[in-house]
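Consider the two complexes below, in which chain A is the common component and chain B and chain C are the respective partners.
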Partner chain A sequence: MDDLNASQSTTLAAGTHSTAMNNHIDIDWAWQPYQPSADRPWNHRLAAHVFRRAGFGVQRQALDDAVARTPAEVVDGLIAVDDETPQFRSVADSLMQTVVAGGDPKRLSAAWVYRLLFTPNPLIEKMTLFWHGHFATGAEKVTDASLNWQQNQLFRQHALGDFSKLVNAISQDPAMLIYLDSAVNRKAHPNENFARELMELFCLGEGNYSERDVQELARCFTGWEIKNDRFRKNPYQQDTREKTVLQQAGLIDGEDGVRVVLEQPHVERFLARKWFRYFVADEPQPADELLQPLADCFREHDLCVAPAISMLLHSNLFFSPHAVGRRIKSPVELIVGMLRSLKATTNTQVIAQGLLSIGQGLFYPPSVKGWDGGRAWINSSTLLGRSNLVADILKSDATLFNQQSLTEYLASFDVHNSAQALDHFEMCLLPTPLDDATRTQLCETFSVGGGDREQTLRSLLHAFISLPQSQLG
Partner chain B sequence: MPTHFSTTKTRRRFLQSSLGGATAIGIGAATPRLFAQAAQTGSTAGERILVVVQMSGGNDGLNTVIPYADDDYRKARPKLAIATADVLKCDEHVGFHPALRGLRDLFDAGQLTVVQGVGYEHPNRSHFEAMDIWHTCRRKNEVREDGWLGRLLENQRKAPGGDAPALHLGTEQQPFAVASKNVRVPTIRDLAEFQLRGQDRQELRTFLTANLSRTTAAAELNDPLLDFVQSSTSSALAASQRVTQAAQSYEAGVPYPDSVLGQKLRTIAQLIDAGLTTSVYYVQHDGFDTHAQQAPSHEVLLRQWSEAMAAFMRDLQHHDHAQRVCVASFSEFGRRVAENASAGTDHGAAGPMFVCGGRVQPGFVGDHPSLTDLVDGDLKFQVDFRSVYATILKDWLRVDPDPILAGSYGTLPLFS
Partner chain C sequence: MSRGSQLLTNFLAATACTALLCVGAGLVRAEGIPVAPPAAALLPSSVVALAEFPRLGDSVETIMQHPLRQRLLDTPAAAAILKSPPYKRFQMGVAAFEGSMQQPWQEAVRTLTAGGLTIAVAPDNGGSVAILIQSTEPRALEQLQEFILGLQVLAGKPSHQSSYRELTVHDVADGAKLVVFDKWLLLVNKPQFGKAIIDQYLDQDQAALQANPRFVQAQKQLQSSATTAPAAWAYIDVEAIRSAGLAKHIFRERLDNYFAELVFGGVLSNIRQTPFATAVLDVKTEGVRLQATTLHSRQWESPREYFFGETGTAVAPPLLQVDERLFAVSTYRDLSQMWLRSSDLLGDKALEQMAQADTQLTTFFSGLDFGEDILGAMQPGIQLVGKVQSYSDDAPVPAVKFPSFALQFRMKDAEGKRSELRRVFQSFVGFLNVTGAQNGQPPLDLGTESVGAAQLYTATYVPNRNLADRQQAPLYFNFSPTVAFVGDHFILSSTTALARELCRLETSPTEESSPTETPSAQAANTLATVDAQVGRLALEANRTQLVANNMLEKGHDQPAAEAEIDLLLGLIGYFNSANFSLDVTDQQLQLNLQIDVQTDD
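Let's look at the complex of A and B:
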């Protein structure tokens, strides 16, 4: 065997659920920027992949525009943080202020759905959703709508920014500390909850710290409390004695504790692995060696998120068959993706409620671990629920496509029959081509002939989104 | 042995009708397959069924099965002890909480056995961790990728094409206990929800069913994720079809309480009577984490549980199914022997388990654990919970428990 070769390539280890795939991936190749070639051409399908992963999909025109540019330009455009237009922001913010004033956290979800549907910065919202799952807190416990929203804005503000700043902010975030029962943290009874999750779920991963580190780190946070919905340090409750966290001894307070945790090399590996899962593939699990270059990039940029995400989205790996169609869409990706890809508008309350019923209530993650994702999204109930939610959306007169009927919207792309409509849906929504048998069967079952044309097209779309292939993205 | 002509007939009828328009499809198979064969052989009369009722939150076993004759009970529970006169006495030592009238009736009818002091070494007092231990039979430092019932289902590997091997009823996350690599367990919130909606639902069902039976199996395309979604979709459609038909012609033999648990158990009775070959049902009854002001809430929870269990058993009996159903109730831990300062109880260790059915060996297994010989203020366990599992697996479901429990555990005299 060629040793040099072995050291440069790695095998994607089989995930817990999957059979071994034996995908040998050359690590150097994996992280080099993708350059289109005759073998791997840049086309509508790949462009749709980029927009699905780095956002929630785009409509046909944007795909046409994208293929006229280079993939690098497209990715750079997504990373460059355009500020939201004043118009969008004023509508989105006033919507949110109304919700917060009303005080009902249930309505927060709908206000976020509005942002997801209409934001001009989809990657920012995609990362905001990532951080919401990463630093998961739930409105079932944190019932104050404004605290939930404040935290959500924190994620948005730091979406592609400095991870250290985000971690420092989250460790003083009222919603987080209330969620983890750390709103009161006394010298005599240090609360270990936040200290543990900071290492286990937020920064290092399980097994990369000891129980003693948890106890010592918890002492660093004594005196940190939430009073009248605000963070404050209570000097009378601070344990000022020396502590030793992760082999570093000294008199340290909470900020020092966070700093010591963030200095660990596990941080960049832990985040790289989660980003791989979020942007590249559910399974199989990548080997550590494959992720190391991404982790290194994150560390070399002092834990700034944008350069690492940029490296990932430019990479050969991201544009390869190891990534395209290798994730099960989350409920948000499925539903918001369908709507955005067809420029559709609808009742955001219905969407928010529907997302909750199929397993991804915004502001309502199942636990501090966030959503497990991947196969955990899928069971009989959620699959029927996905199809039924799409049925509810398409049944509603409030659902319009670029303010038109689906018939008129598709006609504006010169789409007039079921076969053409399928081409259109496939290009915008499907990671892999539809097989001929399915295509024929769909056209026969939902043929645009006499009858109600609009209803037939909506039924065709409903059937299309209910296909197993449509659950992958 | 009672005969089951009606059951068999019912089942034949709906299998035929489900094959009428569209082609029915398999559940839990790695790839979707036709199942016309199963339709011809689908008799369920002899198949045994396990219903698991999980009491979530940590049920206070000491105020459920009460050692009323023990003075230490009253010492440990100055506020929460149940007055001796109110205890539904079973013998000279123990009795049930007064809210458990229905359970007491089952006991008298010889349909209930209580296993005392069930637990395990080095108990964990975290809800999640303890629940995971009960669900997987594995500790935190071990790889946990499936649950004990999931392993049972994998082990049984029923021929593809039948009904879902297990069903979870509820709105909460699916219990880890039923998780496995290859067998998907559907979750049903209620029967109505488990049907396709929309004007085009008939066409959609026909289309998807035909599509799944004909598409190239994703396994062959080396796409395990698509393969998984395809088989899950098959499972969803098939289960939905059966459940819809099962709901149509059922009359309960007795009134059920209007509680959530009562309605869940009623749904299960319907499904059993419709002749589904599903052999495991799982429901949860939540709220037992009674840290403060325990008495009123614990009483409500116990009453709901007891009334639902009693109605369920009577209904099964009415429809001639009691002989083939076993209902097992457990909680992730009991609570501390001593009450706390808030008239509640904190997380403890060992507790009782309850096994109901037409073929249980009624009575108590073991004495009540000592109230003075404690570990960290908690009751010592006498019976490893895996022994109860082993007995259910071996003596009730007639499978070898060892590979499922990853070890050999003695069995108990639970069934006659």
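Let's look at the complex of A and C:
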């Protein structure tokens, strides 16, 4: 049986931690690469965990292939940056361009959903989604679809690349500056929004800068403007006097200001903490000591993202019960994960609209802080909304599984009854085993026999995805 | 679902499909509409709607031999349907039907319906429907009955039968009753309705539909108007429906929608008065023609003179003719009169909206009264035309390509109003520039030009220097609003190119390039035409967008989306055109719709 250590799982699931996570974890062990052992075997469940976290899930066949390789090989395959085939990139980009040309930013969401569903490199998209939440910009304010798309491409281009380059690019990104009301920044009235968010939300975190630093950094960005949807520096509006930012004084301009911020040691720890929460666990908060090796790796590689993410995804910690099933799936992870894991296609506009209604509209983050994530994803309204969205998708005639019915799709895996279907769903979609009582109840309620077999299987899948357990990833 | 019930479902579906197909593509070889169709002698006079398919066998033959059928069957989509499980089940049903009838299904349909197929609706008992089939061979009807009852048994529903006046009545699905007598097969959804029909057949002493004065009058109208033997004809007792209080929203005196009143107001005012309506469906290999007729009286027209005009003068101007014309509409409407008499025509909600609009428009038009000064400057009669746009090499090409369109009016006082309308246009462009600038749009550049004796006032979007991709430009590059004055004509066009073309046609009409088409022989109140081939061109110009939309809506990959869009374009290509006219005379109001299809093999 490929289950996790059951007792360990139970203890962790009880959520009794009130102190930092590293109270229980050997830090050296945590960041060592995971080596399968008899106690901790490499199996379908762990493979599914990797693909869920480093992507949005895969179907059964890919899990079989993954188990035949080593975990390190699987992770390395996901990290490979240029894995997105030119053909797919061409189709996805031209689709996005066509949608942009239509001028409706809401349809951009659908085009991104399409990319999430079909991308051959899910880690790139997962990181693109991460950066979208990190450098949050909303289309309800930036109504020009082309600017939103340019920013999205920027995130994709730098998804696993140089963080310094990404921050420099985002500092001059029209969508970002419009969103933060910094499209016009004059020396007589420096706009502090971008300077503040650069330190608080993008690079350092709260408490690692002073109000004076905000004011001084804002002066660095004076003269930075957006005209005709393009960034430009207006030399007549630039404050060229001396400034002091984070204890560095001099004739600092905008680029210098970004460099000074990125030189701060808080940068790597701030990002390491966010990645921990994104890839490992929502709760509890890890102590700085636990994160330090990951932060050091990030800094040692000159703030290049890929090595740090690689270290994280290879680590014992990532493959341990401290990570498996320890995150609440975001709406995108839930819906795209379900569809990718069953090779399903459907109306992406319905998905895009549905994601918006349950709190994760793509291109529509709630504020510059992005999505809070974790427990904030779940309340009585969004839980019902998740179930309703899944129902809408499964009711739609446009929803097909590998271009066939769910019955035919499952039959291709030799799945012919409710119990076998549950096994299939569990392997692809659940981080922890389904308990016997729930399994029995589902099998009895959705017995595949007489009547409409397809409808019964779809109802079973709907009930399965609506389980509290299915909300964990 | 059991095999039996599936077969029953398939058979009923096949029957329904056949009936529908016959409506759409039947061909009748013979003698037109009989003075009194046989079914009318059996049906009670309470029938409010009746549709008759005189020769279903011929219709089926036409469908099976039509060149379009084979072309459709050759499409990938048809091939996929023919392989689909529902179609295979349908084939099983057909095979069972042929086995039961002991002949191919086409011949069986011909034999069974040699005397016609009639569908009748009556308001009795909460809505009664009867299907009557008259055959020349009673044995065939019995075989059909046995087939239907056999399917019921297969479906696990034992046949219940009863007797009514010595006729055996069978229960079929959902409480419907089936009975065969003489050369008739009768299927009804309400037993009482069936009894009334049987009583009439046996006694012939009750009030039958054929004695209903409105039905008799309708039959006369049908015989006089039917130019060819129809594939189907229908009769609706409008007065009975009105009296029964059915479909009240249709018979309401005032609409709450300005544009609905503008388009349908006159037709609806007729429906509120006319005793009956008839329709004839005439189908040939070349296409389908539907003609719907009601009685009309000039006394019913008030207060909608804006729609009907003075007797003999309310004639739509001819349709405008331009190259690559996508559509054209031409209609007689006195817009000024309609605007000023709106309180006699529209409901409170619409009037409230109009009052607001009137105030805003009067402000917008610099104090000119919109109804009196702007609309009142035009003679009754509107010409609308649309065509596929072509884009010059040096101008940005919008990502989504809209057809251009233009409205043409005749001015009452061309010299006096020309300056006023030009100023209104220039003010309008100024307004667009202010609102467009707020949305980051480039300004419209005003210009003037002459085409012969015509004067054009143009407005063109100036492309931004930073426009990244001139082949994927924003949608507003579809528009270059233009007004033109040529003689007493006033042209309002979405593009300068179309305005120029209309001006050229007006200033130097030749036989080859007449600006207008000859109106129909009978003066029409409204004319419209749509060219399917040009429509296909318009869609092909937006193929990329359509493919992208398909990918997003259906989750298809690009090849699948392209295949589906190409199929759609191919299907549109099988049509030639659709033409519509509304003719009004002192005696009748007649709607004509004609759809022409490609017939080349």
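The rule is short, and it goes like this: the second predicted complex is superposed on the first by the 449 of 473 C-alpha atoms of A that agree within 3 Å, B and C clash if a C-alpha of one lies under 4 Å from a C-alpha of the other, contacts with A are read in each partner's own complex, and residues count from 1 in each chain.
To be clear about the criterion, a contact is a pair of C-beta atoms (placed from the backbone, for glycine too) under 8 Å apart; a residue touches a chain by one contact, two chains touch by 3 or more.
Remember, it's a predicted structure, so these values are computed and weren't measured experimentally.
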| item | value |
| --- | --- |
| Room on chain A for both chain B and chain C (clash or fit) | fit |
| Chain A residues touched - chain C or chain B, whichever exceeds | B |
| Which superposed partner A:A62 touches (first chain B, second chain C, both, neither) | neither |
| First, second, both or neither for A:N228, with chain B first and chain C second | second |
| Touched partner set for A:G102, first chain B, second chain C, both or neither | second |
| Partner chain(s) touched by A:V184 [first = chain B, second = chain C, both, neither] | neither |
| Partner chain in contact with A:A306 - chain B first, chain C second, else both or neither | neither |
| Contacts of A:I378 with chain B and chain C, given as first, second, both or neither | first |
| Which of chain B and chain C A:I79 touches, first, second, both or neither | neither |
| Distance in angstrom between the closest Cα atoms of chain C and chain B, superposition on A | 15 |
| Complex interface listing, chain B residues touching chain A | 128, 145, 164, 173-174, 181, 184-189, 193-201, 203-204, 206-208, 210-212, 214-216, 218, 222-226, 228-230, 232-233, 235-236, 239-240 |
| Chain C contact footprint on chain A (complex, rising order) | 91, 94-95, 97-103, 107, 110-111, 114, 117-118, 144, 146, 228-230, 344-349, 398-400 |
| For the chain C and chain A complex, residues of the former touching the latter | 398-400, 440, 464-466, 468, 472-475, 544-545, 548, 551-558 |
| Residues of chain A that touch chain B when the two form their complex | 16-19, 21, 282-283, 325-328, 366-367, 375, 378-385, 387-388, 391-392, 394-395, 435, 437-438, 441-442, 445-446, 455, 459, 462-463, 466-469, 471-472 |
